[in-house]
Every structure is written in C-alpha cells, then in structure tokens.
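Below are two complexes that have chain A in common, paired first with chain B and then with chain C.
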Partner chain A sequence: MTDKGYLPQDKWEPFIESLSNDFRVYAPCEEDGVITFQVLEKGKKVDLSRPSTSAPKGVMFPQSERLFSFDFKKAPESPDKMAVELDASTNMPETVIIGARPCDAKGFLTYDRVYLEVDPYYRERREKTTVVGFCCNGPFAGCFCTSAGGGLAEKEGSDLFVTEVDNGYFLEAITEKGKKLLGRPMVEDGASHADAASKKQEQASKALQKVIPGDPEPRISREAFESDAFWDEVSAKCLSCGVCTYLCPTCYCFNITDEARLEGGERVRSWDACMFHHFTLEASGHNPRGRKAMRLKQRVGHKFLYYVDKYGTIACSGCGRCIRHCPVSVEISGIVARLTEGAQEDQKAAEARS
Partner chain B sequence: MNAQELRKAAKEVLPSVDVVIGQRAGFDPLHAEPCFATKPEDVDDFIASPLCVHNLASYLPSLKGKKVAVVVKGCDSRTVVQFLEEGLIKRENVTVIGVPCSGIISVKKVLERVSHEPIQSISFDNETVTVKTNKREEKIPLLEVAPGKCTTCQYPNPLIFDVLVGQKLEPRGSAEAVYDDIREFETKSLEERKEYWEKTLGRCIRCYACRNACPLCVCQESCIAETRDPHWMSQKDDPKEKMTFHMIHAIHLAGRCTECGECERVCPMDIPLGQLKKKINMGMKELYDYVPGINPEEKPPMYVFKVEEDKIEEHELS
Partner chain C sequence: MSTVQNPYLPEIATVTEVIEETPNIKSFKVILNDAERMKSFTFEPGQVGQLSVFGVGESTFVINSPPTRMDYLQFSVMKAGEVTAAIHDLSAGDQVGVRGPLGNWFPYEMMKGKKILFIGGGIGLAPLRTLILFMRDNRKDYGDITIIYGARSAEDLCYKDELKEWGESKDFNLILTVDANSPGPPIKEGFVPTILNEVAPKPDDTIAITCGPPIMIKFVLQNLEKLGFKDEQVITTLEARMKCGIGLCGRCNIGHKFICKDGPVFSAAELRDLKYEI
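After this line comes the complex of A and B, so read on.
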C-alpha cells in the first residue's frame, strides 16, 4: 500500500460522501453563520474557509457523555429489598474527522497523554477515530500556532494529511489508520504531486510569524507567574465564562453528576471549566479559587507550567479560539508573551536602565 | 464621539476615584476591550468609536466598595439606572461619564459582510465604516453592520451622567418600531417558532457567557443552571436542558432587562438571545406600563410583594 494519494477536485466531495457509508463522518459545517463540527449528512457541506468556532474535541471527548445507567428494581419476592442494575455498555461507531486544522489535530495529542491509558471511554473513541487534517489556509485573527510548537503544515496528530494542490488534493498517510483511507475507491496515486505539496506546505509554514519568543515552545518564568498584581491586571475584564475552555481543542476538564430519576438514572461526565466559580467550590463553602484572577492564573498555569511539568510540553496549540471568541478579548498569547523568560529579562533590563 | 475629549474628561475624574473604566484597542483592528485605568497614562489608551461595543456598566456591582468612574453610551446608561432602581449600586460611589452615541458595530456582522476575510484595518467617518481586508476595501453604512438595538435606538443620550462628553443626538425612528422584529416573528405559527428556537438554542454549549455578561443576571455563581446542591438541572447537553436554562434566564430578566444586547453579542454560537428578552419586555410594557432602566426613582414590577401592582388593572373577583 502506498502512503501518498491524490484526489482530483471533482472527486473530493464524492470521496467524503462515500466515507459516510462506512464511518460516522464529522466535518466543519456552517449553520446560521456559525461553523461547528457536525455529523455529515445529506445536504450538509464541508466548510474549510475559516476555522470552526468550536474545536472538534467533542468528537473524542463529548460535552456530555453517559458513563453508565442505573436502574433500581424491587425484587418481587422480597419488596423490602432494592436491586440496582448497571449498564456500562458502550457503542461507539468507527469515525472519521474531516477538516481538522493542524492546531485541532494537535489538540488530541494533549488528551492522549492524559486519558489514553486510564480512560476506557476515551480510548475506545480514540482507537475508532481517524483524523484527516489539512494544510491550513490561515492565519486568522488570534492564531499563534507557530508560537506553540506547531504550524500551518504541522502533521502531528493527523492520521491522513491533506494539501490542496494541482486542482485537487494531495493525501499523505501519517499513520496506519491514514493508510487505510488511501486504499479506498477514487484515490489515485499521489507520487507525482508530492513536490507541489511540499512547496505548498513550506509556503504555508511561513505565513505566520512567531508572536511569542521561545523555541519550539514558550517557557514562562515562575517568578513572574506568581505575581498577584499581574493576574489582577489581566483578569480585570474577564467574565468567568466557559467560552475559552469550551471552544479550546486542548482543555479537558470534566465534572461527573448523577442525573437521576426516581427509578434510576445515568452517571454523566460533562465538560467543566476552570474559569467557573463552581469548579473549585468545596462542600464546606470554601473556594480556594474564589476570585477570577486565580482562575485565569490557573488556566494559563495549567497550559504553560503544570502540564509541562508532567508531560514535557505545553497544553495549547495556539488555535486562537479563546482570543477570537472571548467576549472581552482576553489574549492568552499576549499574557504568555509577557511571562516568558525572555520578556522578563527584557523588562528587568529596561527597569535597570530607567 | 471624540477620544481627545473623553480622555480629558476621564483624567479630570481620575483623581477622585479608584478606577475609570473605558475601552481601548483590542487584539485586532476589529475589537475594542474594556480598560481599567488607574493612572493617567492608562487613560491615554481610551478610544471613542463604534468599536466600543462593551457595556462597561456591567462591572459596577462587582466593584462594590470602590469609587468607580465608568464611560457609558446611551443604552449602557440604562443599566446604571436599573442598578439604582434595584439598589445594586450606591450612586455616591459611581461617577458616570456619558457619551452620546450614534451606533456601534456588530463584530459578527462586519465579518459576515467581508466573508470573514482577515481584517487589516477599520475606520469610521460620518456613520460610514471602511473595512480593509487582505483582499478588498469596502465602505459600509454603519447601520448595516450595527446590532439591531442601534437601528431603533431610542436612548442615544445617556439618561444619567455626571459628565457628558459630546453633543446630544436624536433618537432613531419611533418607539413603536423597537418591537417590530418581535411582532413580525409572532406572525409565524407556533410550530415554526418552536422549530426555530429548538434549532438555534440547540447550538448552545452552556458556556454561560450570556449569563455572565448580563449586567442584570444577579445570581451569577448561584445560578440554578449549575448548582450541585440542590441539583436543579441536568448537566446533559440535550435541547431540553438548554431550552430550560434560557427560559429561566429570560424570565428572571422580565421587567429588568435594559436591552443592552450583551447576551447576544457575547454568544459564540450566534444565538439571537435578545429576541427572547425583547419579547418579555414588550409584555411588561403592555401589562405594567413599565420600561426598565429609565427612571432611577422607580421600582420594577414584582420587585417587592404587593397585593396590587401599581400599574396593572387587576381583575375583580366576583
């Protein structure tokens, strides 16, 4: 089996449609001016013109997910006893995600490090999902992937990588899963388009300059990070909402609730957000992160310090969604830029001079 | 709107307060952001233009105990008035810098207008917006890319202020026209309307930005959409839960919403939440002859328990 394929322009849509016969296909689709990843059905069109409002994370890590259901049953022979029946069966279909940008695809790697080994629900979905990424046509307002260890032609996280060239699409298998898709009908041999594709990728990689110092990723200074005054200043306008975390391809916090009826119910895992007041509210009423300054500090700290301590890399792919869609334009790239080691030294030097 | 005059006024006020809240340029040419000025240099960043979309009055209750000056447009000033009606702020702690306003942009509408091409610059001249993208330059009448509230603005001039910056303006169109969109929507059948709301609210991700941005949503962290104990609402993301949350939000704003449009502006999923609030306000006007955020001496209907509401005709029991 080859690892390079090609689809002429007019075969692109039929190819995606044919995938729907064997997989559940998610793709960015527009509805009332908003692009989100939706299950591709008849009449829906893939829209790759600009980044989707929400990341494809929900495909792998749903906003709310039934972990198991429980039913209370009275034993007919002894009515004073109650039996509980649990059903933890899962039924996750083979899935393909079309149109993940490099920053979206990279997000899944952030989850893998945390969930793949320990979480059977995530693992099953992950194993059954093939990610088709593509060479990005950005940058767009707020994008900073090149400052987050990625780039517009970064293939990490994709199983199959698509580059638009020569009136068609060059397909590059990155993993075995990706290779399988190349064996499907309509896919032609792609070897003769490889050069054009790598030129295109090279161009794309240069389309966005770094906005935060640090190679390949920014490292922030712990000393600067601990300044309360800094967090008070940058969080003053924050509304403590869930926009930044819920749209983010790398945020993965959850809550677990029992959604019960009288005769039974479900245990549900749903997204949660460190920006919410409730997130750390303790049963006693005490809240260790009672102010929004502490919460914004946590969000940035988790992505650029704590996650790095644990896994050796940052938990942000620079997709810019939290900047673009924040109601009050909190700009994480600007915050991180001010906290990097380099910026700190520059500032100290400036202070010493004045 | 004139930034120089605004900065001058803000600097005069600054020594007598802890903070002056204005707006400054944000991360790209299309966005302004709230700016909390504590030093005269901070005030130099203040801008005054149709980019100033934020209702800064929203921050007032969270700054209790501080002396705060706030820059408000006409519609934002109604929030201040409503806070006073409901006793949520103390008048003596707030200095209102009022700016008459001829309209703001809707970021979403501008982006739609230029097919979401990356914006290089935006400028304003006599209610004309000039937008430059990496592919074209377009001149657009401001009202074509303004939020709905501006096209029927009845209160371009702040209703309450300590300092006024700029010339007073005329309201736009008749007061009746404000609810034309709601009346039109109501000509649809119940099924059509239900389908519309199920579809649009179905997009909701329960991020609660609409709630948190709403100046009059006073429960905030005690909102029943989130509380665990008691566990009022399921955390599942099905349409029923989303609908319930939005109905609760709308009902809690009955006779309190000043139609500043923040809920709708901040929604990442572009859900026209303002329509729900306007619908209820329309009813409050008809039933109680009450318009929120107009007169600081008034109290909203149903604000305290009364056997008979002031302005409603009770049916006689016979």
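After this line comes the complex of A and C, so read on.
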C-alpha cells in the first residue's frame, strides 16, 4: 500500500462525503461567520478558507460528556432506602477529523501526554479517530505556530496530511491509520505530485517569522515569571471571560458535575477554565487564585512552565485563537516574548548600558 | 479495546454510622458494598478519598480512620457548600460513592524514633487523627507525642470523647485551646499559634505536623521557624477545591504539583521550593 495519494479538485468533496458511509466525519463548517468542527451531514459545506474559530479538540474531548449514569433502585430488603447502580459503558464511533490545522493536530499531542494513559474516555476516542491534517497556505492574524515549536506544514499529530497542490490535494500518510484512508475509492497515486507538495510545504514553512525568541520553543525565565507587578500589568485589561481557554486546542481543564433526575442521573464532565474566578473558589470563600493577575499567570505558567516541568515541552501550539478572539486584545505571544530568558537578558543589558 | 481502569468511577458504599462532632461537623463511617473489595482495601495515613452523593456531586476528604483499623472508613465533613450539605443529610443505610485512596501520605517511616508534635485547628484535626491513631497502634515506634489542638469554642472541638480519652492517656501530651468563649480547665484560651509559642516545644529530634485553616497554618509555620524548627522538620497537609482527584482537572495545582495527586501532604521545605504562600 502506498503512502502518497492525490485527489483532483472535483473528487475532494465526493471523497469526504464517501467517508461518512464508514465514519463519523467532523469538518470545519461555516455558520453565521463562525467556523466550527461539525459532524458532516448533507447540506453542510467544508470551509477550509481560513482557520476555524474553535479548535477541533471537542471531537476527542467533548465540551460536555457523560462519565457514567446512576440509577436509584428501591432496595427490596429495606424499602425506605435506595440502592444505586452505575453504568459507565461507552459506545464511541470510528471518527475522522478533516482539516485539522498543524496547530490543531499538535494540540492533540498535548492532550495525549496528559490523558492517553489514564483517561479511558479520551483513550477510546483517540484510538477510534483519524486526524486528517491540512497544510496552511499562509498565516492569519495572531498566528505564532513557528514560535511554539510548530509550523504551517508541520505534520506531527496528523495521521494523514493534505497539501493543496496542482489543482488538487496531495495526501501523505503519516501513520498506519492515515494509510488506510489512502486505500479508499477515488484516491489516485500521488507520487508524481510529491515534489510540488514538498515545495509548497517549504514555502509555507517560511511564511511566518518567529515572534517569540527561543529555538524550537520559548523558555521563560522563572525569575521574571514570579514578578507580581508584571502580571498586574498584563492582566489589567483581562475580563476573565475565558474565551481564550474555550477556543484553545491545548487547554484541557475540566469540571465534574451531577445532573440529577428523580430516578437517577448522570455524572458529567465539562470544559472549565482557569480564567474564571469560581474555578478555584472554595466553599469557605477562600480563593487561592482570587485575582485575575493570578489567573493569567496560571494560564501562561501552565502552558510554558508547569507543563514543561512535567512533560519537557510547552502546552501551546501557537494557533493564535486566543489572540484573534480576545475581546480586549490580551496577547499571549507578547506576554511570553517579554518573559523569555533572552528578553530578560536583553533588558538587563539595556539597563546596564543606560 | 481500552484497558485503562476508569478512575472516575466510584465504588458504592453504605453509610453505617453518623456522628455529630460539632454544630457544623459530622463524621461518617462507611463500608464498601463489595465485601471482597472492602477486605482488600488499603491506604496510607493521610491519603484522601472522594465521597459522592449521587445527584449532587463529590468532594475530597481525608480518610481519618487509620489503616490499622479497617472495620470501616471514616470521613469528617464540615457543612460548607452544596455537596457537604447533602452529605450532612445522610443517615445510616444511605448509599454513597467512594473513590480512593488518592494522593500521598504522611512520611511516617522517617518519623520513627522521633518526638512528634501535632498542631491542629478545627476540622484540621481530621487528617492528623488518622496519623495519631496510626502512631498509637504502633506506639513503640515513636517518641513523645504532643498534640496541640484548638477550635473557636469548646463545642467546636471535634472528636470530643476521643479527646477526653487522649487527655487521660499516657500515650499523648494533649493541650486543648479555644479562641474564646467557654474555656475552662483543661482547655486554654488563645489562638493555636499563640499557644504553640507558650508551650514552646524544642525542635531537637522532633517532627511537627500541622493542619487547620490557612491562616492558622501560616502563623504556625512562622512560629515553628522562630522556635528553631527547620523546614524539613515541618509537615502540613493542604486543601483546595478539587474535582478529579487524579491531577488532571487543573484546579489544585501549585506550579506543576497537584495537591490532590502529588499532595496533600507537603513538607514546609517543599512548599518553600514551590514558592507556595499560605
């Protein structure tokens, strides 16, 4: 079986539609100006013209999902007491994600390190999902993947990688899962398009300059990170709305709540956000991250220090969504750039000169 | 396909007894319904469990009975929020969920042969209780054991019957105090950190273990330092809002450490390195 395929322009949509026969297919679809990953159904059109508004992380880690259900049963031996029965069975479909950008695909790797070994729900979805990545033609406002160890043509995290070329689509299998899709009807041999594709990928890789120093990833200075004055300054305009965390391909914090009916209910896991005041609010009224400066410090610290301490790499793929959609223009790339060791040294050198 | 154990799935347990400790604290004895599982259940002193009331939610509490007494697991709960209010409504026979044991535990091996100083405030005696009883059940392994315990008022002291017995026992040197209201022998009047200064225990060959409200811990740590205790000799156990209990959900971290998974037990030296301010 080959690891290179090609779909001419007119076969692209029929190919994706045919996937729906065997998979649940998620693809970026536009609705009222907003592009989100939706289950592909008749009448929905795939829109790859610009990056999606939200990341496809919800496919692998739903915004809200049942962990188990509980049913109350009358206990025959003591009729005034209720017995409880739990059901944690799952039934997740084989799934394909079409059009994950390199930053989105890399986001799943951030999740993998945290969840793959310990979380059966994430693991089952991950095992049953094929990620079809899509090479970016150029950067959009706020993009900084090249400053986060990634790139516009980065294939890591994709199972199959698609590059627009020669009036069609070049398909490159990265994993065995990706290879399986190349065996499907309509896919032509792609060998003759490989050169054009790599040229295209090379161009794309050069299309975005680094905005944060550090190779391949930024490393932030612990000393600078501990400055309260810095966090007061950069968080002053933050509204604690949490949009940055909801759109982020790597933010993975969650809440667990019970949804009860009379005769039972479900325990549900839902996305939550470290930017919310009540995220860490305790019943006593005590709140270890009661000020927004502490919360922004937590979000940046988690991605660029704490996660690095644990897994050796940052938890940010530079997708730029938090920058594009922040209502008050809080820029994580700018914040991190100021905290990098290089920037700190430059600043000290400048202070010494003056 | 998936072989991962489901860490979110509680075991069903039955409440066997409810004890009113104070006007807002109750203790709950529970046993796992699966008799085999109850028999094989093990934990270390200081580890926590998640207690569920299905339909309301779950919260984290220390297992405050010691692993040397496995007839039941005991949790003490202060009524403060939604879940704790629902727990307070439980009575014997009710079904709950238990996930655990979770987190780390008191380093009791390194405490062997040493003098032990417990400093507790309010419900903060609960995690100390498991270790106090564990040490009593292994009494010869440890030197003198001093317990300084305080609450707002005499009626707010937990485990009153036990305190009475501890006070009369040769196993412990027990010092009780209340902030105000209704002191009287043998109960002193004064905040726990102040009483600690009065008692002025010597740091030589001693390990101090403290738990209580954050403000108490803060001043206890300061006073222990003034008394000459090194950070390595001081152990505390922390609380935070928790959901998952397994270091994933993102609430209870101090830097890259999670209180639920890497804690709740930390030495003052570890907290210093983590730049944690109580």
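Going forward, the second predicted complex is superposed on the first by the 349 of 354 C-alpha atoms of A that agree within 3 Å, B and C clash if a C-alpha of one lies under 4 Å from a C-alpha of the other, contacts with A are read in each partner's own complex, and residues count from 1 in each chain.
Note that in this section a residue touches a chain if its C-beta (ideal position, glycine included) is under 8 Å from a C-beta of that chain, and two chains touch if they have at least 3 such contacts.
Every value quoted in this text rests on a predicted model; they were computed, and no experiment measured them.
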Contacts of A:Ser329 with chain B and chain C, given as first, second, both or neither: first
Partner chain in contact with A:Ala141 - chain B first, chain C second, else both or neither: first
A:Val268 touches, of chain B and chain C: first, second, both or neither? first
First (chain B), second (chain C), both or neither touched by A:Thr280: second
Contacts of A:Asp119 with chain B and chain C, given as first, second, both or neither: second
Touching partner for A:Ser49 - first (chain B), second (chain C), both, neither: first
First, second, both or neither for A:Asn255, with chain B first and chain C second: both
Footprint overlap on chain A, comparing chain B with chain C: 255, 257, 281
Contacting residues of chain A [partner chain B, same complex]: 31-34, 36, 49-50, 53-54, 63-64, 139-142, 233, 236-237, 239-243, 246-247, 255, 257, 259, 266, 268, 270, 273, 276-278, 281, 323, 325, 327-329, 331, 334
Residues of chain B defined as touching chain A within the complex: 26-28, 30-36, 54, 59, 108, 112, 115-116, 118-119, 200, 203, 205-209, 211-213, 220-221, 226-228, 231, 234-237, 262, 265-266, 268-270
Chain A residues touching chain C - in the complex, by the definition given at the top: 67-68, 70, 72, 78, 80-84, 86, 88, 114-115, 117-120, 123-124, 127, 226, 252-258, 260, 264-265, 267, 269, 272, 274, 279-284, 286, 288, 298, 301-302, 305-307, 309-310
Residue numbers on chain C that touch chain A, as the complex places them: 1-2, 4-10, 12, 54-58, 80-82, 84, 93-95, 97, 213-214, 239-241, 243-244, 246, 248-253, 255-256, 275
